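Every chain is named by a letter (A, B and C) in the order it is written, and numbering of its residues begins at 1.
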Amino acid sequence: MFIRNAWYAGAWGHELGTGNMLSRKLLGESVLFFRKSDGTVTALRDRCSHRFAPLSIGRREGDCVRCMYHGLVFDAQGKCIEEPGRKGVSQNTDVRHYPTVERYKLVWIWMGDPARADPDLIPDCHFQDDPAWASDPRYIHYDADYRLILDNLLDFSHLTFVHENTLGGSKKIAEIRPKIEQTPEGVKMTRWYLNEPCVAPYLDGFATFDGPVDRWHVYSLSTLGNVFVMDSGSAPAGTGAPEGHRVPEAMQFVATQIATPEDETHTHFFWTYAHNFRIEDAEFTRMLGDRILAGFLEDKFFIEKQQEMIKEGGAEGMAFILADNGLALGRRLIEQEIAKETASAES
Amino acid sequence: MFIRNAWYAGAWGHELGTGNMLSRKLLGESVLFFRKSDGTVTALRDRCSHRFAPLSIGRREGDCVRCMYHGLVFDAQGKCIEEPGRKGVSQNTDVRHYPTVERYKLVWIWMGDPARADPDLIPDCHFQDDPAWASDPRYIHYDADYRLILDNLLDFSHLTFVHENTLGGSKKIAEIRPKIEQTPEGVKMTRWYLNEPCVAPYLDGFATFDGPVDRWHVYSLSTLGNVFVMDSGSAPAGTGAPEGHRVPEAMQFVATQIATPEDETHTHFFWTYAHNFRIEDAEFTRMLGDRILAGFLEDKFFIEKQQEMIKEGGAEGMAFILADNGLALGRRLIEQEIAKETASAES
Amino acid sequence: MFIRNAWYAGAWGHELGTGNMLSRKLLGESVLFFRKSDGTVTALRDRCSHRFAPLSIGRREGDCVRCMYHGLVFDAQGKCIEEPGRKGVSQNTDVRHYPTVERYKLVWIWMGDPARADPDLIPDCHFQDDPAWASDPRYIHYDADYRLILDNLLDFSHLTFVHENTLGGSKKIAEIRPKIEQTPEGVKMTRWYLNEPCVAPYLDGFATFDGPVDRWHVYSLSTLGNVFVMDSGSAPAGTGAPEGHRVPEAMQFVATQIATPEDETHTHFFWTYAHNFRIEDAEFTRMLGDRILAGFLEDKFFIEKQQEMIKEGGAEGMAFILADNGLALGRRLIEQEIAKETASAES
């Protein structure tokens, strides 16, 4: 089950050139994306209304797409405008059109009730294209339920163990209880690790200071769209980072991580790791991204193994530990939203 | 669900040599074919009655087959005639025997009530071995429901699009409504495209005339066995082809296409494309077959994609367009026949 | 369905070194085996109690294992002894511990009620480590229901056919009815083939005598654990083998074959083929094992094909023949035991 009335990241804008078509399964439905001549993106159900051939193996004709099985043509709104061999078209031949908005380098898609698709609801991911920040858009495919990915992000105690030699590097991460807040959008969690002996392994060679460090992770999950934005950083210890002061040596990052369900057990994971220093240095941006990727692949390994165990024996009976307050809140908010949608659909 | 009381093409005769055994799943059941010393073919359930080892991994012993697990021997009628370690045989040890007839280069098999297996019901495919015609026997395996293949054959509007550069080559095919008739066997459809500028691409270099052409497709589906026979051809325009006159330059073909279900979502496709000119020219027959194959692989690509979409979201909700009269009739006749068999089985 | 209250062979002792962890699915559950510092073996559910990550991708810490997802530590009894970030541990965080005993080179595991795990119930497989006998421990993985393997072992008539050129080599095996007895543990079957012209093919070059031979197979199945022990041999004909006399040229073997279910349709097969002559000759032991393996792979081929046929059309309707008394008894005893466990679980 998925929340449907939400903006989901469906594709990176750069995946859509001027002539190509992209087919991607989202929430169990194959969706066709393409960019129109005016530069905007459109999204249709990637399935001809007639005999269900995918439109993505059809042909772009201007801002329309022709199903190359029997030749029906659909405009960018999914309206069937040509049926070979007759004037006009038969009934019920339109294909579903999904509202889309391109923003923050991403194509956002609304899979629920189109009337509710208010662009103002798109979560703020402006760090992805804010000129004061630099990042590379990245993608990982998961053979796992998206909720296992959210669980992972909502319990940073795993950094100590899964990411011992990459993103973690400190026992304190697992020892310190975060501050957890429910927000209008979802969950906010705040952790500070003060006076740690050194920076995390993934920052080796990047730091311009030696000695003890104050580290922080402040992250927010928007349960609509599964968008996770994390403010994190490392500053020389005792230079006022917790109070908001940033000395020039401080390294600050904003990570954006978005888990869009492909189906019940597969997930599209879009992410960036923006930095506001050395922003002109594309090689640095790439190296930083690669180091973060190494850490994220550690997550992927664990999460996909979890999924295998759930396939073996179900998901019932997981023990609840102290570190689970964040993920439990996230799970509860998602369940409530799905229940609300289900109730609304039934009434 | 399949019609069971019908002659299905189970194998090409040439697949059965003097000593080999052929195992092929038909209508969900593994069937063993072999050729007896008198040259006729027999078909048994490819499953020992005892512990269900396939007989096809057993041993031919004359016109019998020995299960090489525990040594039971079955004659060509499936009767168990030897059980090692005892005189006579135990009860219920016979395996199912299916009526077969070898005709038109094919081995036909009757998977339903043997009492109804009248060879006169075998659809006429005589063009496959009529000495006035030449063709190569061909086979394609489909990862798709056989009904999707019939749909394809019953809506030739797809020639314009799927086969734009092979079998089609004319917009008229999609534009002209065929004449559709229900026949005692199933469906007959007739289409003429007069005064087209040139022959279809697959005939490039084969035609002995230039200039405009009259083309036709007259095809008949027998829903018992899913046998499709198509009279098609191309003649110089205005030379009387529609009235039945064939000038020497006219090229006439009879295609036979048979979709035998392997199971619910896989199909055996047996076909020939017979021509009645250059019939001594084996190289021409082969080249013609290869060009037709190129077109049929285009169908396969679309049809298997359709199957994937149906797997994703079911087959409900396909829109009905004007071109669908033929396929809708075919579907209805098959459903009626299955319903009749089901009712008869229950009463 | 499996008998749970039984000792199953879970691993060869040599699979567990001093530092490694072995994950193996048994009766549908992934189990983690490792050897403690005192040399004994322990077995835990290979699934963290918290978020179900496999412990086998965690870390050995002395005799404990740390889940490397969120850092929980479990002792060798499965007790959670550390939860990062708090004193003590949360409730319900222990993982299941299974009783194990290492004996006869095997690690035996009890998947049922631990209170009933009496080591005296372990079937006698002492030939595997008796210094008067030599054998190599071997393993085969089957894509088949374990009961199909037991069926195979309980009907030696298949030796004549499946193993015509390896373990069999005599028509008599299929012709002679064995003596079948129900024992407290399961089933015992006895067969003698007297005055056969020569030894079985797998003994070619191993026999130190020529001419006729008395052969025997006396085998016992313990249905608890699916342990099959077979006394077999070949002696010069007429030298008193049936009466228990063994001349020096007689070759005697004790095979141990154990079918531990992985899940409903996959099986772990542990086996040895012990001989009490040339026991210092490791090369002979290896060659003998390889020849037996060739025969066992013939079984595997047939049994996995049976499984495929059962997948195609179910297991109902197998005919019962005279040779089936042994396997029918084995099946019945297993079914009775499962029914007893089910009834006991429900009451």
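Following the convention adopted for this analysis, a contact is a pair of C-beta atoms (placed from the backbone, for glycine too) under 8 Å apart; a residue touches a chain by one contact, two chains touch by 3 or more.
Because the structure is predicted, anything quoted here is derived from the model rather than measured.
Asker: Line, ring, star, complete or other: which describes how these chains touch one another?
Answerer: Per interface graph, the chains form a complete graph.
Asker: Would you mind working out whether chain B and chain C touch using mostly the same residue numbers, over half shared, or mostly different ones?
Answerer: different
Asker: Which whole number of Å gives the spacing of the CA centres of chain B and chain C?
Answerer: 48
Asker: Among the residues of chain C, which ones contact at least 2 other chains?
Answerer: Residues of chain C touching two or more partner chains: there are none.
Asker: Mind pulling up the chain B residues that touch chain A in the complex?
Answerer: 148, 151, 155, 157-158, 160-162, 164, 171, 174-177, 301-302, 305-306, 308-310, 312-313, 315, 318-324
Asker: Hey, which residues of chain B end up touching chain C in the complex?
Answerer: These residues of chain B touch chain C: 25, 28-30, 47, 49-54, 57, 66-72, 83-86, 89-93.
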